[in-house]
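There are two complexes below, and they share chain A, which is joined by chain B in the first and by chain C in the second.
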Partner chain A sequence: MHSLFQFFRIIDLAGMSRYRWILALLAIFYSSLSICTASIVRPISESHRSAALELFVPVDESFGSLENTYEALRTLEILGLEKTYDISRATCKAVLETLGSSPSITKDLFYALKVNGILKCQIEAINFEGIASNMLAVLKNANSLPDFYYSIGSLLLIKKHGFEVILPDSDGAFHSIKALSQSDGRWRYDSNGAESSTYAAGMALEALAGIVFLADSEVDQSMIGVVKNDIVKLFDIIKSYNDGTLYFNDKYVHSSDYKSPLEISAAVVRGVTSFAEVSSGKLNIPGNKILGLAKFFLSIGVPGSSKDLFHQIESLSCLENNRIYIPLVISLPGTVLSLTSRDQLKVDVTTVFGAAAPPLSVKLVQAFNSNSEGKPIIENQELHFDKENSIHYLDIASLKMDVGKYKLIFEVSLHNLEDESKYATGGLTSFSAFFTGSIKIDKGELAILNSDGGSAETIEKLDLSKDSFLSLSANHLQKFRLSFQLTTPLGHTFKPHQVFLKLRHETKVEHLFVIDSSARQYKLILDFLGLVEKFYYLSGKYDIELTVGDATMENSFLRTLGFVELDLPEPPEKAAQPPPQPADPYLRYGPKQEISHIFRAPEKRPPKELSLAFLALTFLPLIGFIIGLTKLGVNLKLFPSSPGPAAFSILFHAGIAAVLLLYGLFWLKLDLFTALKALCFLGPFLVFVGHRTLSHLASTSAKLKSS
Partner chain B sequence: MAKSTSSDVLTLIRSLRSAYAATPTNLKVVYMGIVGSFPFNSFLSGVLSCVGTAVLAVCLRIQVNKENKEFKDLPPERAFADFVLCNLVLHLVIMNFLG
Partner chain C sequence: MAKMLFLPLLILLLFLFECESFSAENPTDRRLLVLVDDLAIRSSHSLYFKFLESRGYVLEFRLADDPKLALQRYGHYLYDGLVIFSPSVQRFGGSLDQAAVLDFVDAGHDLILAADSYASDLIRGIASECGVDFDEDPDAVVIDHVGYAVSEIDGEHTLIAADDFIQSDVILGEKKIEAPVLFRGIGHSVNPASTLVLKVLSASPSAYSASPKTKLSTPSITGSTIALVSVVQARNNARMLISGSLDLFSNRHEKSGNEQFVTEISKWVFHERGHLKAVNVTHHRVAELAEPAMYRINDDLEYSIEIYEWSGSSWKPYVADDVQVQFYMMSPYVLKSLSTDLKGLYFTSFKVPDVYGVFQFKVEYQRLGYTSLSLSKQIPVRPFRHNEYERFIPAAFPYYGASFSTMAGFFIFTIVYLYNK
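Up next is the complex of A and B:
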């Protein structure tokens, strides 16, 4: 692994602006290669347990519906984590409620019984006889597959609780379910539905297995034989991925009842294994198909959803212990092996849950170099067995293998003949592995050549295994030559994926050159005369950086060799300008520039005292006016004395006051529309009372005049 | 007799009011000269309110003055009603403009 890290570090360090995308692609390519080989199935491990604890977390002592609760409890039970949560109090309450109320939906009852089977709630309180007779009635009238499935499943669970359940007409029920099967091994949900489905086949097989288990008398063996034949046909329509994993899937017309391949495969595995459990004789399914299914479930890795995890774990537990074939999984704990530290090639053969396999031996049948397919490098090497760790191993130092990527093909052979019919090992299994080692770099040389036939101006020896610093100088009529050799631990020429030379000018303008290999050595000749334009006529100091990197090279490096002082001619008029250098990409992650908001500068205001002084001054005339008024005395002689006109004139004054008050409010808080609306009422009122008052005054004065 | 007294009092009050109304205008202008014209609409509405009130008061006085033969047929009550109405309209506009 070490060399891989180093390799990626080089990619990271070689942050060359315009070649970065190439490097990124390379990085993705190699990382995908290494992941692909590393992700080849591993048995269920601690990561599944921790994922289960993360995905199944009870809220208020409950996992939600009874179906979800069953899935959670079953998964945790299989993984040996059933003691993690104590949810029995709340869940048992729900279970007893469901079982006590004899619900119309048999599905709820089915899951309640399943949960009860795990939690073992107070079974004395449950009327199992009543539920059983209920279920028998449902079964009698059932005409769709889910009805059969849930009623038979419930009866089976009641029987497992220790109550006697007798299925009166088992042959009839068997026939009714069998009637729904199709010629290709799939099943229909009910007799009216034309669509056949693989998921239904899984359900039907489980229901049939239940009938055989519950039957009071032996079920007709010929019928069981027919169903076995159906199962074989069902396995003929199994689908496969490129990596050899097998799964079941359905074509869907309606998206509403979509089921994922995982769900469908899980249903089939449940059905087939439970049918194999109850039927006598062996099912005629090839071990490879069982192994392919097991690999499909394992290749999912650690699922992200609780449903997926349940289906994966439950179907693997069905496969772990079945009567057809028990799949044995071959896995490599490490696919990157270092020749320097003399790693061992280890092979693990276990069941899907990582339990020990029966006595067996593992043979490395062939090993190919991925670059040169054809002749195998190694043939028929038996692996040693380490009894303590129950692991098969081989010392790679003894294999005389060079660095590189290899395709390894293993074969597992069981020691006992009777195990052959019990376990599926899958014949040959291939893996790819990286053998890494330290690469020797020698004959390093850096030279400045004159253009006249190549006489050397300066020649510097380079020891690329350690840091050194050279200072060279050259002009545009000279050439630059770099050469070195790379040899593998076995003395072969090594061709790394990345061999780059980078020249960087003081102004950060960079130029990248790929170094080609020719006749066992890497050589690069730069003719500065042809490069002046590419260098933008920039004279001065150029740093020399050399990158040599490969996934299998443990000592990959990115090293500054020194600098070369270049003397290039003056640029002509129309010479291209060097492109602007992009900003440091890491700046993107730095703090952003602070945004400064620009507000309108507040207007200059006078000092408060001055404003107040002027306010007082404006009030002075008013005070003078009031004083004058008091001096004169208010003349109310003309105020009408009779009650009618007096009331009008009071109203008139009040109206004026009201309007002024309204103006005040308008200024303070009301808007124009509210003020105008109020004015609409006040105005006519004021006009009316004002007219009455003033006309009264006018008539009295007219009377006076006339008199 | 009563009429003339009342008219005198009325005239006196009006003249005082007119003087009062005009005084803040001068004050406003002085104030603005000192501190600048930042809330210009306030200043403008203040000045216009004072000037408007003064103009209306002058109009009232012209109309109620007996010596002006022009308005002989116009009763002072009618003039007063006009004055009140005009003031109300003027101040509605001023308030709106004052912001």
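Up next is the complex of A and C:
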């Protein structure tokens, strides 16, 4: 559970450049008090082990490149997990290959030797003498820091494998590395105008330590003294976050060879601790700085990348056994202590890997209430020591402390005097802690008052330990009163951070009232007359909600109390409109109602039978006419008998029939133009044949008359 | 000579690279610029970045005040998406500023913006341009004394457990987020008039936004109106995620719903979900295949459209039952839901209304979390021609009968009148 909420300070603090000057002020303030402020750092724990197992997973019995392999193996080794994976077969093959091909790159060789140091592959198969002489040659021609670093590192490893390595000109090598150092304690990578960097300083110190270790004769002590001075200068440019963690960083960052503060700090720690290991006497670095560095590594928590985890774990292991100061980490397993469940105030003092500290005692020097700083509540309270769990504790019930937020200042004092020069405890350390408890709520009362002198219309008692469903009604001439009392377990009035009353209208318009405490009780009086405008003249049902909460209140709550039916006057014309409420996104996006077109209704028509009946009727006169003609006894005696006129007569009538037929066709399918075209031909023809027929008939009748 | 060869090659390479980037056919972003205050965020938020890299994104980390920052060169954008994880930056370095970020979004690119307590005015400015207003009190954080994450080492109740998610599978994935999201940061409010901003994660009713250090005056936002994480989908389908917490994306909260929440919502922001395209819009008369230039009133027509959703790597058929088409002239005359064959094809048929004029087929598809589809196709509708009306109306038969019988009578009469003796 702890790991879940482990602080990851970097993020919080990295984003504070704007407040750097505040931090600087704070730093001055705190350094004057010499109290290390609290970030809760915890020693390396199980969560690191499980993270390491998750991050370092071999693929095909290999962790990738030799450098990555070394990082994985080293991390797992430090965490005591070296037996987890058996990758020796594939990796040893790669190691032997690298070591066998003699003119390979020094960096690869260096990591191959390092991996071999852990895995102990077949040593017999390796030509260490050859490699050593190669390395000596490289060292002789070396002029840049990485060359020095890798060649000396390799020689050192060969020596650790049990082969005699003699460094012929140790003073010369020492001087050429030292020549790259800068006045501020940093180093350059080479003499060709490279920028000075803190990371290079770490590498250089490690290389120098290697030279001292390998040297055939004693290295000049005055030179070592100069380097020691450089280290002190290097620690002068250490940077700090405002929670007391210290780190190294480089100013100039090119994204290509960017080194994170973690990498740089790790390099410096490796260099400084290995130099401290080989140099006689003690390095003059204050214990606080070592402790600050340790806290920096721990404050990262569980890193997400394997490289970061390696740097964190390796540099912490360097710090765990160094000759300067071994940092002791003071941590509080819990800073939220419940008075209800009678928690103990526990303080844990361990090394960075969680190992037991030497005999010591922890004292609660002072405890302040954060709200009213000034007089400490408790002074000089010695913590008890629980040998079984090796934890220092204090029963908070015996402290008679009320709920609240406190600043606790602890002091660690070592029992043995010789430990004082070995361990760094950091003097006074302050933490802030929350003492939480259950707050008693009583005398809850809700009333509607009449405006005249405050006679009560309705008074309802409230039980605020559960939801209630009161239904009240009021008009704009009345007042609303809510009151209740909050008391701490020790019987003091409790003033929580959050005391809200919310009135919510049916249309979701909300009104928030912060309730102030007066004397011993919380009281809120709402005079609706003065509030009508604020309420936008909205009459209707208002839900009442009360929220009481505080960081130290275990029973913070949000209760619905019921509703009040408000009867407010009609809004005047220029009254403000209630603010628009956000539209429900689910409703806004739904499909729309379908629309189908309503077509015009067709005109009303008589039934078909009726039309047909009338059609039949229209033929009756024709039939009557034909019957009449037959009754009259018509004849065709005047039809010309001679063939010429008879032909014209037939043509004339055929022409009439054709015109009538054209009408029929016009009705059936022809359009006007076709019909007129046909009529153009038929018309003159009809006039011609008609004239011949009629003139013949006329001449025949004239003959008859004359005869 | 070698140099002369090298240059065209480089241009060709650049061109190829360009082709891989954001386009309408391939809407997922590829190149992301991550702006941070401190490169340590790379390791503290490594799980999130690793997730992005595993989805094929190319991340470029830069300090937010890097003097060489630029989003575009020679008028071309160098990135498809921008991740601003630098809440405290006062001024961006290089040519980047608030206007440049907004132009980037206006050009259809995506943005993830994480603020935090101590968010700078620049970050607040960008957020408010997107329709999200962070609490103006610089010390305010979201506090919830009822729904907080129980912890033995954090007593301020500023790490709150929020589980009021937006109900949208497309934004948050189909798998329900079981564990609450642990949120430590500042709250914001969303402009109620804005239709483009959606609250994805809201605080519980008991939350409020205030400074835990000072005595409380009336807080500016309380309860469920506090938005913790919001998304914006602009009209050009650019997507933005605005979170009041940078810590939300960090590796720290292992057993919470944070990881699922941020990964799912990032998929949405970078268009791996909810990006629709409509193709093959066709319409024709029933029993015809060719698309006519014009319809006549009362024609029966068939309309079909294909809609696909981008799945991050390919276009998959989009399945829904609420796609609607409108036959529109100033107002919709017909609005009909389309049926689907579940393979991306949506179709329907209807009768053209008996009103003539210039109509449009309109598909306005706007759904929560999806990019909006807005298609319209113009088509004129004409009335009947003179010869297209009904010709033999039964009710007129008596008139026809009368004329024709008169004509027949006339014919007989001419014969009888001329030749009778």
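Criterion: the second predicted complex is superposed on the first by the 485 of 707 C-alpha atoms of A that agree within 3 Å, B and C clash if a C-alpha of one lies under 4 Å from a C-alpha of the other, contacts with A are read in each partner's own complex, and residues count from 1 in each chain.
Heads up, the rule we're going with is that contacts are C-beta pairs under 8 Å (C-beta built on N, C-alpha and C of every residue); 3 or more make two chains touch, one makes a residue touch a chain.
Predicted model only: the values in this text are computed from it and were never measured.
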item	value
Which of chain B and chain C A:I627 touches, first, second, both or neither	neither
Which superposed partner A:R588 touches (first chain B, second chain C, both, neither)	second
Contacts of A:Q498 with chain B and chain C, given as first, second, both or neither	second
Contacts of A:H691 with chain B and chain C, given as first, second, both or neither	first
Touched partner set for A:I166, first chain B, second chain C, both or neither	neither
Touched partner set for A:D550, first chain B, second chain C, both or neither	second
Partner chain(s) touched by A:R605 [first = chain B, second = chain C, both, neither]	both
Residue contacts with chain A in the superposition, chain B compared against chain C	C
First (chain B), second (chain C), both or neither touched by A:T618	both
Chain B versus chain C as contact partner of A:Y258, first or second or both or neither	second
Footprint overlap on chain A, where chain B in one structure and chain C in the other make contact	605-606, 611, 614, 617-618, 621-622, 625, 629, 635, 637-638, 656, 660, 663, 667, 697
Residues of chain A touching chain C in the complex	1-8, 10-12, 14-19, 40, 253, 255, 258, 260-262, 300-305, 308, 332-336, 405, 433-434, 436, 496-498, 500, 502, 510, 512, 514, 545, 547, 549-553, 556-558, 579-583, 585-586, 588-597, 599-600, 605-606, 608, 611-612, 614-619, 621-622, 625-626, 629, 634-639, 649, 653, 656-657, 660, 663-664, 667, 671, 693, 697
Residue numbers on chain B that touch chain A, as the complex places them	2-3, 5-6, 9, 12-13, 16-17, 19-20, 23-24, 27-28, 30-31, 34-36, 38-39, 75-78, 80-81, 84-85, 88, 91-92, 95-96, 98
Residues of chain A touching chain B in the complex	603-606, 610-611, 614, 617-618, 620-622, 624-625, 628-629, 632, 635, 637-638, 656, 659-660, 663, 666-667, 672, 675, 679, 686-687, 690-691, 694-695, 697-698, 701-702, 704-705
Residue numbers on chain C that touch chain A, as the complex places them	37-47, 50, 61-63, 66, 86-88, 90, 116, 118, 120, 143-146, 149, 151-157, 159, 166-167, 190, 192-193, 195, 198, 205-206, 208, 210, 212, 215-219, 222-223, 225, 246-247, 250-256, 298, 322, 324, 326-327, 332-337, 350-351, 353-355, 366-368, 387, 393-398, 400-416, 418-421
